[in-house]
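First the structure, then my questions, so here it is.
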Amino acid sequence: MTQRDASKKPGKEVQSTGLFHVIDPQVFQRPLLDELCDLATRVRAVAKRAEGARFLQNLLPTSRAMLYFTQPSTRTFLSFDNACHILGMSTSEIRNPATSSEVKGESFEDGIRTFSSYVDVIVMRTQEPGRAAQAAQLMDTIARPVPIINAGSGSDQHPTQALLDIYTLGRSFSDRGGIDGKIIGLMGDLKRGRTVRSLCYLMKNYSNVSLVFIAPKQFAMQSDVINHLKEHNIPFKETEKLNEVISDLDALYITRMQSEWDEVNESQAVDFTKFSVGPKELSLFKEKGIIMHPLPRGAEIDTTVDMDPRAMYWRQERNGMWMRVAVLLKIFQIEGQIQKLDL
Amino acid sequence: MTQRDASKKPGKEVQSTGLFHVIDPQVFQRPLLDELCDLATRVRAVAKRAEGARFLQNLLPTSRAMLYFTQPSTRTFLSFDNACHILGMSTSEIRNPATSSEVKGESFEDGIRTFSSYVDVIVMRTQEPGRAAQAAQLMDTIARPVPIINAGSGSDQHPTQALLDIYTLGRSFSDRGGIDGKIIGLMGDLKRGRTVRSLCYLMKNYSNVSLVFIAPKQFAMQSDVINHLKEHNIPFKETEKLNEVISDLDALYITRMQSEWDEVNESQAVDFTKFSVGPKELSLFKEKGIIMHPLPRGAEIDTTVDMDPRAMYWRQERNGMWMRVAVLLKIFQIEGQIQKLDL
Amino acid sequence: MTQRDASKKPGKEVQSTGLFHVIDPQVFQRPLLDELCDLATRVRAVAKRAEGARFLQNLLPTSRAMLYFTQPSTRTFLSFDNACHILGMSTSEIRNPATSSEVKGESFEDGIRTFSSYVDVIVMRTQEPGRAAQAAQLMDTIARPVPIINAGSGSDQHPTQALLDIYTLGRSFSDRGGIDGKIIGLMGDLKRGRTVRSLCYLMKNYSNVSLVFIAPKQFAMQSDVINHLKEHNIPFKETEKLNEVISDLDALYITRMQSEWDEVNESQAVDFTKFSVGPKELSLFKEKGIIMHPLPRGAEIDTTVDMDPRAMYWRQERNGMWMRVAVLLKIFQIEGQIQKLDL
């Protein structure tokens, strides 16, 4: 995320924190997190009424987005595509690099600069890490820069996923003081799950949160996150036994085994069934607890869990669309038009 | 097709039959068929004038469709995409499963549920049979269901194709009493042609229709259809000789050899040239007869036939777009806005 | 390009030259070139203001375009897609022939006719030469023809690229009498670069232009272009040494080695580094000269050149979008609505 100079911002909302590129979830601060969550809630409410949906669609009708997704994606792609459509934006897409000029040997930078010639924002997802940051750096050197939104860049960064996770946590606990003071379990392939990693980095913005990592030793949370938590005095513990901790948790965030990042089939050496939930685990879980998952899921959540009121992952998924609308509103500096609405 | 409870329907058109999922052509009844055909004709007339086209585009500007087409398709895809655009809907598409989360092992049901999180209707075409019905069943169990439109599911079901065929027949015979009383020839690979199969199932809605099947023995109409016709007392005969029956026909519906469904190259054992039309066959055909074909065609219709006024297949193709607009109008319960227009 | 009968044109701009299909750059004449360039400049100016962008988007909201791009393309695809969106048009695309009915053996002509059933204009790019002309011929025989725009057809034709090149030259020299009288260098793979070939054919529309071809002998400009220049008394010279001519040039149009057209790796036999520009070459170039390139580039332009004010290729790229808007305005006969605006 690049902080924009507030003085460049038109209108009276000068106290508002500007947003241009959205690259790295770690730089998000509490005021902006709260503002984005409030915006997402407002957008959702506005969109429910027919005239509200038309109002939203009239906010950015002449803006154009580029969705450059060379890594497979369903959720992130569709939620951005539809977030754009909700605001009236048109979208162009490149999802198969074989249809682009990369096959003629064009450099990554020249490709990004080309996209920027035609559109007003670039949303990108790549297999290689660092590409979104590289694109943002390029933009900062040219005369007509457009904002870059990182929609997943290698295995470590996925800022809008982190935002929608925060939003889902906050919304689920809205009648119980929000995220502050909650005990959050993170389970599964913590080593390579970029969503849980990002979420940990954002926890410093909340008071008295404690974390419980439930993972096989081989896929434990990495030391950069552990050090970050220590540095910010965020309490955490690590375990391999869900049943010993589940009754303490307010939220259980589950992730799948990310075997696509395997180097030597290391995921096959682990009994991942111990890191899953079904009716038995649910019976130990708090009545007002919530189950989250970034999806897609494997066997780690039994489909019977879907019917349980504590299953929050489908709502979490849909929250992603509203949060991405909120991010676009901030980037295009039109959040004020939603904030001043009398809901 | 799922019948909607008429009491849920707003406004005064309570006698109108509601439509939610569109899965199986066999359940369509005459009143709904007539209503959809009338709607399609009205939409086409309205779209011709500039102000009418703008009126249409203002009907569903804030609705969003998902086109999930993992089986190759040109006509069905483009006609749905453009039908949506005619009504102002935005569209998102997945056509290459390699770009979606299926590559990460996501289940079919989770994929469909994900689509439903972001859009208002899912149009889907798959190689495997039964997928659209499976998706509709899933929708009927969740809190925020969206309608599923089957745009071709394996080799046996393709309801909107059946609708556009009915529409083309009815419109072509509009000055001669419609479909009732007509003799309709169906020629080609009747065994595996889902369009001709669906059409047969719909014939029970019309009076005094008789059918003539013209097909090689190996690709004759299957017994389920034959039994259905007997049950509903719809007269039919079967032949391998077009020239012996062509002069009797009011309509000749031709299909191509569907060799993509071959198990052991069985289509190569048949001389398919006997099941084609060219100038010689046209000379035996009624002056007011019509030639239909679902397209794409192979050699079974000589391109010189295209110039003949009886060639109806290109208009049939375009009718598909108008019929799909009509289906969307019904699903979104806004058909009344077209019906009350003074054309 | 097909000249339309001016008498078909509504309104009072009867002196205006009509445009329907856009196939072959060679038929463009000076009045139409000037009109399109003026339109592009007006569109760009209008689009800068929010209300202007909304005005543009309200010009063709109910028109629909088909982008049929079976040859890889980034720039041409995106610039057409976004040009359509600027005018409010919706777009449908086929970029991967594996998703279309070609896999079922449909003929090229039937495919094009199918597209024309659903949309109002077809923009197409193919690997094989002559396809766009073939499509236009088909359209001229059917009852409901739609215009065909050639967006690259094999190695020899790319009319809208030629138009954007003319536009960029004219605009760059607008304070120095335009293109007339300029010395234009064309460097690189002149044999197979369709953009430089097209540009040469258009030079007869301008007075006192002289051309300098800078290319390896194996990739020299072909005889059809050479003969055309002789016929129209357009002076030119050929060299292999950029440093001997660069100081004379007003514009240097550079192209990459088009090795994708190699038959026997012939491009590898050439030292292409002699046909590139970097700081050293720039130091010899006129202060008001311009560097153009159709992009994508290889090593023939050092990226440090991008910061030089004479580097025009990124603006040239964006000009392509405005010129394509201008072409669409002409085809849909609504250029008058832009021309009468008081800018």
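As written, the chain order gives the labels A, B and C, with residue 1 at the start of each chain.
One rule holds in what follows: contacts are C-beta pairs under 8 Å (C-beta built on N, C-alpha and C of every residue); 3 or more make two chains touch, one makes a residue touch a chain.
None of the values given here were measured: they were computed from a predicted structure.
Novice: Is it true that over half of the residue numbers where chain B touches chain C are used by both copies, so same, or is it different?
Specialist: Looking at both copies, the contact residues mostly diverge.
Novice: Roughly how far apart in rotation are chain A and chain C when fitted on CA atoms, stated in degrees to the nearest 5?
Specialist: 120
Novice: Using mean CA coordinates as chain centres, what's the chain B-chain C distance in Å?
Specialist: 40
Novice: Residues of chain B that contact two or more other chains, please.
Specialist: If we look for residues of chain B contacting two or more partner chains, we find 96.
Novice: What part of chain B is in contact with chain A in the complex they form?
Specialist: Contacts found on chain B: 61-62, 64, 66, 90, 92, 94, 96, 98-106, 109-111, 113-115, 117-119, 142, 144.
Novice: Residues of chain A touching chain B in their complex?
Specialist: 47, 50, 53-54, 56-57, 69, 72-75, 77-79, 81-82, 85-86, 95-96, 256, 260, 295-298, 303, 314, 317-318, 321
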